[in-house]
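Here it is, the structure, as structure tokens.
Order of writing sets the labels: A, B, C, D and E. Residues in every chain begin at 1.
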Amino acid sequence: MGLNPYAPKPARIVRIRDETPDTKTFTLSPNCFEGFTPGQFAMLTVYGVGEAPFSICSSPLNKDCLQFSIRRMGRVTRMIHEARVGDEVGVRGPYGRGWPVDRMKGRDILIVGGGIGLAPLRSLVLHLLEGRENYGEIAVCYGARTPSLLMYRDELGEWAGRGVKLYLTVDVGEEGWEGSVGVVTTILGKPELDKADAIVCTCGPPVMIRFVLRRLVELGYSKENIYASLESRMRCGIGKCGHCHFGGKHVCLDGPVFQYREMTSLPKGISPF
Amino acid sequence: MSRAEEELRSIVRKLLERKDVELVLGYEYYGRSVRPCFVSKPEEVERLVWNSDCWFNLATYLRSLRSRRVGIVAKGCDGRSIVELVKENQVDRGSIVVIAVECNGVFKPFKYGSTHVGRRLADYCRRCVTRVSPVADYLVKKGGQAPEDENTVAGDNASDWLSLFRKCLKCMACVKACPLCYCTECSIEGFKPDLVHRLRVPQELFTFHLTRALHMAGRCVECGACESACPVEIPLTRLYHELNEWFRENYGYAPGMSLSEAPPPLVFKEGGED
Amino acid sequence: MRRVTIVLCTCYSTLLGEIDFERLRSFFSDSPLVEKILVSDRLCEKNVFENLGLDDDRVVVAACSTRLLEAVFKGSGGFNGLVEFVNIREQCAKACGNREEATWKAIRLVKGAVQKALHAEPLSTEGLKIVKEALVIGGGIAGVRCALDIADAGYRVYLVEKEPSIGGVMAQLDKTFPTLDCSICIEGPLLSEAGRNRNITIIPNAEVVEVKGVVGDFKVRIRVNPTYVDPDKCNGCGECVNVCPVYQPNKYDADLKPVKAIYCPFAQAVPLKYVINRDYCVECGLCMKACTRAAINLEDKPKTVELNVGAIVVAVGSDLFDPRLKPEYHYGEYENVITNMEFERIICASGPTGGILLKRDGKPAKRVAFIQCVGSRESGAGIEECSYYCCAASMKEARLILEHDREARVFIFYNELRAFGKGWEDLLYRRCLEDGVVFIRSRPSEIRRTGDGSLLIVYEDTLTGSRGELEVDMVVLALGFKPSSRMIELAERLGVTVDKHGFIEEAHAKMRPLETRVRGIFVAGTCHGPRDIVESAVEGSGAAALVTSLFGRSSLRLPEYARVSLEKCTGCGRCLASCEYGAIVREGDKVRVLESVCNGCGSCLAACPQEAITLGNWGLEQLSPMVSAMLED
Amino acid sequence: MSWKPRVIVFTCWCSSSGVDQAGFEGFTYPPNVLTVRVPCSAVINPSLIVKAFEKGADAVLVTACRPSELRRVAPSRVTEARVSLLRRLLRTIGVEEDRLRILWISSNEGSLFSREVSRILGEVERLGPLNIGGSMVEQG
Amino acid sequence: MLFLDEDGFKRLLEQLVSNIRVIAPVETDGYFEFKTIKHGGEASLDYSNTRLPPKRFFLPQREVVFKHDPKTRALHEPMGGLEAVLLGVRPCDASALNIFDSVLLKPPNPDPFYESRRRSITVVSLSCAKPREECFCNVFEAGPIRGSGEDITLTRITGGFLVEARSRRGQSLVEVSASLFEEAGPEHLEEYGELTCRLTREMNSRIEISRERLVRLEATLDEGFFQQAAQRCVECSLCSFTCPVCYCFDTEDYFEKNAYVRTKGWDTCASTLFTRMASGLDPRVSRVDRFCHRFCHKLSRIPMAFNSFGCVGCGRCVSLCPVGVDIREVLKRWG
């Protein structure tokens, strides 16, 4: 009899940071994972309420704690938003297939995020920054509906300072916003990268992903190098519950990060095409 | 083909040819039994049948077809459920054409693994008081007697309700087959686990079944769709019948009998017990 | 994660002997649902609870009588719905046989309350705004008294009257019982005071067409009917009247005395402005020429006035029973069968006959009979109840006849003579007897006309059992009050209910006699049942007091009312039949709760299968875990 | 300890004062009579009563304001009807209907409350344990 | 192959009953149901099939998967299954267990709860002599004679049963009572061969389809056909609940007796809440989408992911669906 894969390990919330009006970043300690790939996710349990998958948004090199940015959506997320520092939650994971970090060495990297979709990409960015010298250009194109919905606002500047080209845009401007206005596809052309070779990682709402993929191909990025995180909710995270089974693929096992060609064979509904 | 079927088909053909309706809900043969079918072209009307195997209540589909003009083949109880749906604001009487079929009762459907060989008249049909729909745009007379049971098995085995409830799989077939169980977030489904948890079976089946009974009290038209759909054959309609009786005794009210009759306010007419 | 703080109170240590607080404490200190446990010995004292610093927490207070404590907490403001109360004094310490049982029970009850607090949703503590202006509908004595009292308290009042002048029935009366003082003489000054008062805006010729909103903030739409005379320009000189060629019956004079098509209903009218009755006007334009101030505009159109008020008083009075519905009395056919309102005008010095009791043929009426209870105290067309004022009114009118003419013979056909008011026995009944008024206990079966045109009353004296016939010159029918269908229409617009007769219904006949079921809408005068001037005035003042007491508050919180989630509601209407207050109405394909009508009984919650309705923290969401926890082993 | 019936009492605001008064005046009643105070008896969803039975209540009482004739509007009349309906349902499925009662208790009727409760407890004791929860899970 | 005569079978049954929990079909209220029997006579082997599959013995409708007491920090993990023999399972239902194995035991995270039950229950199947009208097990090679998940296959022939041990566990059960069995003679084998041929022929005459084509179902989806069929479905989910193969589950957490509990239990893809994207959007919004998924999942998606079909052709959904939705129509269309 194996270990119980359904039972989470307890961890404490050591820090809570407000990101946007409906999103908070929770820092959990201890880090009960031996390691993970950016883009992987964990199942978080609010004891007595329920469990839901969340992308790990902290750096894999951070051995002390795990971070999750969580948007208030329903039962579980609402309860976790009511948590205070010191509260206990359950963690299982890491699950799924993350970003293709092995393929990134020496290449230009384009990271495209929308809204809370930046969470799994933050983990990647932090990972890349740790070994910045190993990669070519790194560009982040990030959009949100309004400036106040941009995630990690305090950090974005720091990323730029450490060698990331940052392009921000919002759908609707607010007072004091001087950046660009428009959906994220409008700024995709700005980064000047080696398009044929660059690895592209994207995550965001389904419609965004659809248009981003289309635009990326138009811009000349190679389909071989385009990846997106397609996140469908699930119950077990280990390929048993059937909830995230699309086509022949399980999001929890074969995803959430899919390569462009894999996505084309996914059934409608989840497929961005 | 019976005379009634012939008549039914000609009515439906006419409705479709004249484009009075976009589609007609009826029944078709399917193996040994009968199932619902959706007819939208005049040439398809030959599929339509009408006999004592047509137990499903087609009114269950009406709500999902709200935006369209549909014709519906309706037994007496089905008609009553249409009345209730109209009264409860769920369908628009103006957009449906009711083809009432006179009904002498239906058989219980064949069930997988059943040891019964013959066919049984459904128990709820033995209690039926409305052989013809109270609302009708067309009426197909059937005539004749109630179908004979092919083997005489005693009525439903509703003695030990608790153990009947225990059998329930909570598959929700009863709910989904019922024309009047259209709520989207009923507390018995357990998605909001305040009253009933989704997965706590059989622990919470008592509350599940009694709550459903309470929700159906004074509304159930005793069409038996729930009972006949139930894979483990819990005689649900019997339970709901008792509650309808309470309404009848206290208010002289029976659901689905007339479009103009509002459900009685939930108070006793006279002072009541003190 | 949600957790609950438990506050235990030992009630000045008196409960220590009866409940094992240590056990209680240790039981819950083990629970992961409990944040902390605090013990106090005097929670009910001022500021003790506040000083615990539990403002945003979910709290279970286990202490004495919930009623008592809750009042203390609610008084301290900011009642956010996250505090649960358990009565461990009366329900555990005092109700159980021994300490162990009491402790066991206390644990159960607290367990339940913990679950309830855990599932509670914070309630909004925001107050409603209160627009400190009032609307009074109807300018009879009740409405005028009310408007004056509100205005005197310093608030603006809009007084909407459907007729050209305020005054109501009282302005039409000759004298008032029991003192027989001149009606318009005592009402007139009030009317002109209302006209002068800076805080009162009289809107005559107007009707309320729509009311929306809640107590403190009603939006009211009023239609002002055209009068064809600009009230701002008209100074009441009356030049126009002189030139107007057409006459019309004057409603004020019970249609007995003609006035011109451009007219002012009576001399003391407020506002004293002329108006044109377009039903009679022939559009000759003579008045336009005569008016030096160019006030007349035959193109006048209805206008709409929008008001935003915090409270509404309904004082629209009531109509009188239509005597034609009793054909045996031949009203409208025999011209000397008149109503008591007509009588009031005839006997009035300013009335059509200058105060002399004349028959239609101009001859004096020497023998006058009153028939009581026409349209009251009988089933059928009228109301079953006593109409309150008519016995007194008829006795008053009898005395007026005899004051005018000592020789006259007056008969009163009564069923029961009711003289219950202050001074009625003395000033009305005894005086009538002394003056020789004949009281006959009977409801006459028929009035016939004799050859010479006098009237023959056929009756059976129910005291003696004998049948009789009485010949008189004039019969006055004492009409009961009977609300008109227009009033019922108005009630619907306001969202208030009417009783089986059509009178406006009080929130509670005894305890809230001047309130309607809609919070912020009050009622005064005969529109909610028969009464006399004194009571109408008393009620006007009473309603004014309620309005000013409402306006005196800085903010207002409606008691918790049912809220429908439109997302969830399927519009099935099952809640409708469950609401005893009729507070739920269909709106589109969903339903809406009238916030000001809802009494917060929660009946609809229990009826809605979708759990689409919430009311405070009384849903299944809170109660079901609570009950389960109490029963859990 | 021998079996004692476990009773849930749903009390409306007013009758809860009556219940409090019982204690105040020193009338005692067994500890497993557990009260749930609600603003008005009409808020009591019949499903909640069902739930109480399922969770182990042997009897459920609803105490409410007397729907006096003078008050045309009295939500406790709705409760009365609901209770009656539910009693019918209980009877149908073979649960003694007397396990569910509605009592008219005013805020000053503490003694009436304790008297009625004792009487009803006696009856329920004779009926024996209900144990819906147990009978739902035991498997053949 | 062994032979067990009637009498031997009765003795075997009694032996089993006295040693171990035996679950067998019992007739109750007009149909058959798997129940723990106290003595051999209770079992009735003269049944077409049980109304409900024996799924619940391996994958209970609801099971607790963990309990966590936050104060004591104890994590209760209820594990371990009661040893039992499940007797008289039809080959199709036994084959369903094979599918469970490929899904639930798939590394690296086998489901320990299923695993323990699967290990502790010996499955003895009984071949079908008279397949039901709705049956189409041949399509998935799940019967009518042999299934694929059983430890022992019994086939009724004249005078007794042909016994085939299909697993080591089956073998050892046979060995324990070795004296009751005899080696099957040629006449037994001949009858068995004939029976197999006859039944296979009969089944194939009803429906015969290409499994390879089925797996490609998804790529060649005929939406029009599905639209037609889906329109009838009332999404009652009865088909998932009575299917021996449907394994999808839901989890639910609650607090009880000072501990946090997680349960998992049967779920159904007919539910509108079954799939959700992270954003809360439902990727299968319409009834047709959900309906399609049920069939694609069974006939193409499970095969792609786990190498076995998600249907064993037991015919339950065909017979029980209140509105006559018929998976055989899908098969015929594609096979």
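By our rule, a contact is a pair of C-beta atoms (placed from the backbone, for glycine too) under 8 Å apart; a residue touches a chain by one contact, two chains touch by 3 or more.
Just so it is clear, the structure is predicted and the values come from calculations on it, not from any experiment.
Enquirer: Go through the assembly and pull out the chains touching chain A as well as chain E.
Expert: Under the touch definition, chain A and chain E have C as mutual neighbours.
Enquirer: Looking at C-alpha means, what's the farthest chain from chain C?
Expert: If we average the C-alpha coordinates per chain, E ends up farthest from chain C.
Enquirer: Out of B-E and B-D, which chain pair has the most contact pairs?
Expert: If we tally the C-beta pairs in contact for B-E and B-D, the bigger total goes to B-E.
Enquirer: Roughly how far is chain A from chain B, going centre to centre by Cα mean, in whole Å?
Expert: Measuring from centre to centre gives 49 Å for this pair.
Enquirer: Hey, how far is the Cα centre of chain C from the one of chain E, in Å?
Expert: 71
Enquirer: As a quick test, compute the distance in whole Å between the mean CA positions of chain C and chain D.
Expert: Each chain's C-alpha centroid was found; their separation is 38 Å.
Enquirer: For chain A versus chain D, what separation do you get between their C-alpha means, in angstrom?
Expert: 54
Enquirer: Taking each residue of chain A in turn, which ones touch at least two of the other chains?
Expert: Where chain A meets two or more other chains at a single residue, that happens at 46-47, 88.
Enquirer: Would you pick out the residues of chain D that each touch at least 2 other chains?
Expert: Only 46-48, 51, 77-78, 82, 140 qualify.
Enquirer: Which chain B residues reach two or more other chains?
Expert: Answer for chain B, listing residues that touch two or more other chains: 187, 195, 266-267.
Enquirer: Tell me, which parts of chain E touch chain C in their complex?
Expert: These residues of chain E touch chain C: 69-71, 255-258, 260.
Enquirer: Residues of chain B touching chain E in their complex?
Expert: Where chain B meets chain E, its residues are 30-38, 56, 60-61, 64, 109-116, 153, 157, 169-173, 175-177, 190-191, 193, 197-201, 225, 228-229, 231-233.
Enquirer: Hey, which residues of chain B end up touching chain C in the complex?
Expert: 87-90, 182-187, 192, 194-195, 215, 262-267
Enquirer: Would you tell me which residues of chain C are touching chain D in their complex?
Expert: Touch residues, chain C against chain D: 65-67, 87, 89-97, 101-102, 104-105, 108-109, 112, 505, 508-510, 517, 560, 578, 580-581, 599-603, 605-606, 615-616, 618, 620, 623-624, 626-628, 630-633.
Enquirer: Per the contact definition, I'd like the list of chain C residues that touch chain E in the complex.
Expert: My answer: residues 30-33, 632-633.
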